[in-house]
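Some notes on the structure that comes next.
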Amino acid sequence: MLDLDSVSKSFGAVRALRSGTLKVAAGSIHALIGENGAGKSTLVKIVAGVHRRDAGTFRFQGREVDFGSTAESKDAGIAVIYQEPTLFPDLSVTENIFMGRMPLGSARRIDRQAMHREAESLFERLGVRIDPKRPARGLSIADQQIIEIAKAISLDAALLVMDEPTAALSGVEVDRLFAVARSLRDEGRGLVFISHRFDEVFDLCDTVTVMRDGAYIDTHRVADTSVPALVAQMVGREVAELFPKVPAEIGDVVLSVDGLSSAGVFRDVSFQVRAGEIVGLSGLVGAGRSEIARAVFGVDRYDSGTVTLHGKPVKPGNPRAAIRSGIAFVPEDRRQQGLVVDSSVAHNVAGVIRRNLSKAGLLTTAAENKAVRPWAARLEVKTNALDMPATTMSGGNQQKVVIAKWLATEPSLLIIDEPTRGIDVGTKSEVHRLLSELAGQGLAVLMISSELPEVLGMADRVLVVCEGRITAELDRSEATPENVMAAATGTTPDRVHVALETQQVEEVTA
Amino acid sequence: MSTTVDTTPSTDPGRRRPDARGVAGDLLRSRELAVLVVLLLLVAVATFKSNGFLTGDSWRDLLLTPSILLLLAAGQTMVLITRNVDLSVASTLGLTAYATGELMSSGQSPWVAALGGVAFGAFLGAINGVMIAFGRVPALVITLGTSLAFRGFLLHWAGSDRVNASEMDSGFLALGTKQVLTIPVLTIIALLVVVAVGYYLRTARSGRELYAIGSDPAAAALFGLPIRQRVLGAFIASGALAGLAGVFFAARYGGVSSNAGQGIELQAIAAAVIGGVAIFGGSGSVWGAAIGAFLLVTIDRVLPILGVPDFYQQAVVGGLIIGAVVLDRFLASRAEHRLVAEREVTP
Amino acid sequence: MSATTTKKTIDEAVDERTYASYARPLLWRLVATREFAVVALLLLVFFYSRANIVGFDGPLTLYFLFLQSAPIMLLALPMTLVIITGEIDLSVASTMALTGAILGIAYTKWDLPFVLSMVLAIGVGLACGLFNGFLVSYVKLPSIAVTIGTLALYRGLAQGFLGTEAINGFPEKWTDLTKERISDGSSYPLVLIPFVVLAIAFGLLLHFSSFGRGVYEIGLNDEAARFTGVDIARTKLILFALAGAVAGLAGVYQTLYSGVARGDASQNLELQVIAAVLLGGVSIFGGRGTLPGVVAGVLLIAVINSAMRLDGIRTEVTDIIIGCLLVASVLAPMLLTWVSGLAPGRVRRTASRSSTPTEPSVTGGPSLDSKSANERQ
Amino acid sequence: GSDDGDGGDNGGSGGGGGGGSAITMIPKSLGNPYFDASTAGAERAAGEFDGSIEEVGPTGDAGPDSQVPFIQTATQQGVGALVVSANDPSALCDSLEQAQDVDIKVVTFDSDTECRDLFVNQADAQGIASKQIELIADQIGGSGDIAILSAAANATNQNEWISLMEEDLAANYPDINLVDTVYGDDDDQKSFDQTAALLQANPNLKGIVSPTTVGIAAAARYLSTSEFKGKVALTGLGAPSQMKTFIDDGTVTEFALWNPDDLGYLAAYAAEALVSGDISGEEGDTFTAGDLGEYTVGADGIVVLGEPFVFDASNINDFDF
């Protein structure tokens, strides 16, 4: 029913999608997998009519289509769950679900009773209890995701596209969602399911399409393929050679975090990071890893606990203090947090060090450029001039700019969140080589990553976060995918194995 | 497994609690109520101080004087809800008031004049709306510009000419003070308008879409809501209501000069803000704005009775506005903490 | 502006060649800016008036022009920085009236020495600014709501303190000073000196300091600014405080210039100031604009006013023209981007910006907590 | 130096501008029928001595220095004379002095300043004040509460009259007490609402005096539609054209005013006389003001138009200003 062929899309310099191809049959669940930044969401947004494709063909139910707005795709019978929840905080949960097509009663006025009833029954079907009258403001990521799902289902569309719907969901909710998805498939609808979790793919889906660097790679029947095969196609080379972490001799403690807690986000978090050591912080998306990092760096406040660097306590809730004491923080959302995308490369790279660049109280662009050049050169940032705004750069180059900005501060601890999210494979390995090189020079690194291979490849030590608590601390030797996933999902390793056999899981959940 | 189930927010008891407490909380949290209480207190005190306060003309004017601001506040609310602002209403009011007067002095019937005024207002609103919705430019700048331009146009058109009571239809002027069961007609019309707007915002799909757009424009765009049409609609409505206010002005004050209504736009915004309409969109009700309008006007009336020299009126109004937004902030952050607390359920 | 760029080119020469400093040649960088458009328009209007409007080339023209627009010129300086952070201050004119009232009362009622009264008045202005700043940056209230409130509050206090009274009888020495010329017969009033000094100070602060870089970053993306250790709250507090202090200074000047302190002094000035700043190329969303552009914008409005008055054109026509200029100044770039048809992604971003005074985070995932909503303002 | 020469030339050219002098008329604000009338009068005069009148001024805003830019512009243009009704007694002085430096003659009318060559006074302040008190007194029968609805809180002439009225009351009308004075800023809406508030705050008010044309008209409009119509007396200074309706419907019985048209006419002739050097503004100077006849400059440069004229049902129809 859905047929995309070599569709492409660029945002300025960023080629989000080179040749996206996706063929979904009615009455089937089709998995779309690929590393971060592979172009999955972009593809989805083209299907949804958020973006217009630059080239390629896009057929839906046989007809050539070109949606100019999401309204058009909705009318055509396509329902989409976007990666980032898009709710209206001031409206009630129900209104969010039925926005734009609320049931009308007498005199064309909205029939709230009917609406609430429908919402209730939807939640019933999904097996959650959310007050349909409450405003969406203040809902947890998980609940927001549930509401997105309810919204999409209630459209009862011919094609349902779900971009990482399970990212913030817990086991039971995921199982419920799957049950619903299966029933929809059996009604003969088509579903597209995006996820970074293989067990889910193997559990739910019939066919799977692999993407890499914005390009179509391959499509299999799920039954005929295996995790290693898919991983190989996703990363395009053997995991081992991808992450060249050279063992460096571990120095003494640089960062030590004790009993850090923040209401509703994380609880009683304690760990240490030593010089020359890369500590991986792993866990499911939404586990609260970024929050821990943010608290350590001071952009978020925390309720209790202490953070000390080289034995000296770091003032809480004050990024400046953290920077002064030698912490650098490469945040996960590059475009929103890492960079001021609209300002120039020079200003971005000099963003932190500029405070020490003023001569006689004056800060000149010339001084900034001078200070910036060596770092730009060292990270091989690709730009034709230092006054180009960062918007014009590719994701990979933007990431290099962010890293350059922080290395320029010559920190003693580098916290790097999702170091390679959404950057091309080439840059990816550059970043990894850089990280291990830095560790070699005695820098302490705290690395957060949703990519298991990356964590396993790079980290000397892996801390696993689940539901805002550290549930496991594994040495490089004991850090196997099974152990990490087990700790991340709060189950036991053997359960993870089981999850790979579709059959049994269906028995468990049905 | 079980632990995960328990900690998922969706199933935590905080979410399932019956609304009994919620309702009480809502009343406490309801800004409309808070402002209403203040208003009633004021009236009570005034009545206590000067016993004639709720009788005869005093009663009439208490209801009559706010009618113009009511209309403007209602229009401003619709615009504010979409995360925009309309600074040009005062100039629009001036223009339409003068136009209405001119139409009548040129022998047109009051009906034609009134309809003409409203239509003219809607047209001026459309000028703003088109530029803002389709030109994709900030409402603040556009309406600041158009308010200068509209007022200038009025001054140019009217010059030092003015419309005097004698030039206007006597029946029309009579409307300015006509009462039904002691309730002035203008006030009744204004209240009907407010009710209509409130009903629309609450029960019409497009009404809810206005809230959605103001609540998160990005999400609204992603969702495929007809943002342009809605924003345009809001500005046309605001303009039309300003037009109607102009008609009221002519009827109420019986004389229109080129500086009619100067500076009332800030009052309209103030009324909405005091009534709990978020200046950055998405929340608030026209009821609140209406009560806010009543409050602003009544304060003007009551302060002298309370012995506060009326030179301080502005200061009091300013204090009210700031008090209102501070209160909102405080309540919002409290609600936030409550939600976090709810989420934090230890198994 | 030109001063800074020539400086850049010099350093460019001595720098090693690894990365070019600028993508485009100096001339292009100068010409292809909104500031340049404003400056060009200013010169155009100025010389047109000189040539065609009787009396405009007289020695008094500039003298009166500067005297009249001195308060707006002063207020525009801090206002520029405030708006670049994405905030706005509508209370400056009321602050002027209040400081004027305080000056009068302190000098005549409390018999304070005049200099002390002036200091006190400016202090009150500073306090007004701090109050705005505190509510905006620490209570995290939307500045437009706060300053609409203080607009009424400060004006009301001024009128309350003075009532029907118009205080005059300020020391000749000082009132004359406000009309003093830099040198006999020159058409430049003395008040230009403090203005130029302040203009340079604010220019350096905005364009040549880490603080200034922070101001732009807050306007462009305050979250990213926070992640690079910019203290957003402190920055905004300082800017509002500066706006208050300068408004105090302007209030004192205006009072001495007119020789009388009255509650209804300098009404509606705030909108003229903001109009001038926006006309000067500052984006109401923050993050864009330069001080030279703003100065040009202020002068543009001043010249248009003066020229049209001389030409016997009534003020309302001038208002119409300024209003239309303001609309055009924001509409023009939009139309340009439409013509040069941009990628949908970009247009969509501007779209969601457009209809709102704040810049909603498009890529910023779910933002369901009112806090982040407020920080975005 | 250069200024003088410059001013001289332009003064000359102002004179040369067709026999009579070029006069710039700056009322308190445009869009006020009272000043329309006075400007009309001035133009009538200019027509006779073959000079030119240009009317400029602030619209709406009556701030202290809202007139300054217009004075300065006139100074640049080097007009023959300025005829000003001042929004503030002192705020205009410096700019007026600058005008005088380039020998522009400055005549004030209706509302005076501390720095001018001549003040053309509609009627001497004392006369105006006592006339209005006299009117209100016999309208309310010599005793009871009255209030004043004025224009801007800082209007010079208003405040002067008000203080004189207060003295007059204290001295000659022990039974009448002035309970309140409110300010309508010569704005319809404000004056209207102030009247309402006034009547409500003082239930047993017997009379209102409004020494401003805008104020009295608005107050009359309110009274005519209220239960106080006929019960609360209203008088003051009003324009017949505006007050006619309210005389007819009995809201107002008597009010006073001079003829603003004549006032402007006289002011224009006074300016002409100064420019042409016939008079210097000294006490005792005399000049002829067209068909108004001969006028003599009184103490400290004041020319008085005459006694305020009282309008009532009998004569209201004879006037069209």
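Chains here go by letter, A, B, C and D, matching the order in which they are written, and residues are numbered from 1 within each.
As a working rule, contacts are C-beta pairs under 8 Å (C-beta built on N, C-alpha and C of every residue); 3 or more make two chains touch, one makes a residue touch a chain.
Keep in mind that what you see is a predicted model, and the values were worked out from it rather than measured.
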>> So the centre of each chain is just the mean of its C-alpha atoms; given that, what is the distance between chain A and chain D in Å?
In response: 75
> Just how far, in Å, is the C-alpha centre of chain D from the one of chain B?
Replying inline: 39
> Using the average of all C-alpha atoms in each chain as its centre, how far is it in Å between chain B and chain C?
Replying inline: 29
> What are the residue numbers in chain C that touch two or more other chains?
Replying inline: 159, 163, 263, 268, 314-316, 348, 361, 367, 369-370, 373
> Got the chain B residues that touch at least 2 other chains?
Replying inline: 155, 216, 218, 220, 311, 335-336
> Which parts of chain A, given as residue numbers and ranges, touch two or more other chains?
Replying inline: 50, 86-87, 89, 138-139
> So what shape is it, when you link every pair of chains that touch: line, ring, star, complete or other?
Replying inline: other
> Hey, which chains are touching each other here?
Replying inline: A-B, A-C, B-C, B-D, C-D
>> Which residues of chain C touch chain B once you look at their complex with the stated criterion?
In response: 88, 135, 139-142, 144-146, 148-157, 159-160, 162-163, 263, 268, 271, 274-275, 278, 284-285, 314-320, 322-327, 329-331, 334-335, 348, 350-358, 360-362, 367, 369-371, 373-374, 377
>> Can you tell me which positions in chain B touch chain D when the two form their complex?
In response: 50, 52-53, 56-58, 61, 65, 155, 158-162, 164-166, 176-177, 249, 252-262, 300-301, 304-305, 310-311
>> Can you tell me which positions in chain A touch chain B when the two form their complex?
In response: 49-50, 69-74, 82, 86-91, 95, 99-102, 104, 108-110, 128-131, 133-134, 138-140, 142-143, 146, 169-173, 263-264, 467, 489-491
>> Give the list of chain D residues in touch with chain C in this complex.
In response: 1-3, 6, 30, 54, 56, 58-59, 61-65, 68-70, 72-73, 75-78, 88-91, 93-94, 98, 152-154, 159, 183
> chain A touches which residues of chain B in the complex?
Replying inline: 1, 3-5, 7-11, 15-16, 19, 199, 202-205, 208-209, 211-212, 214-216, 218-220, 222-226, 278, 282-283, 335-336, 339-341, 343-344
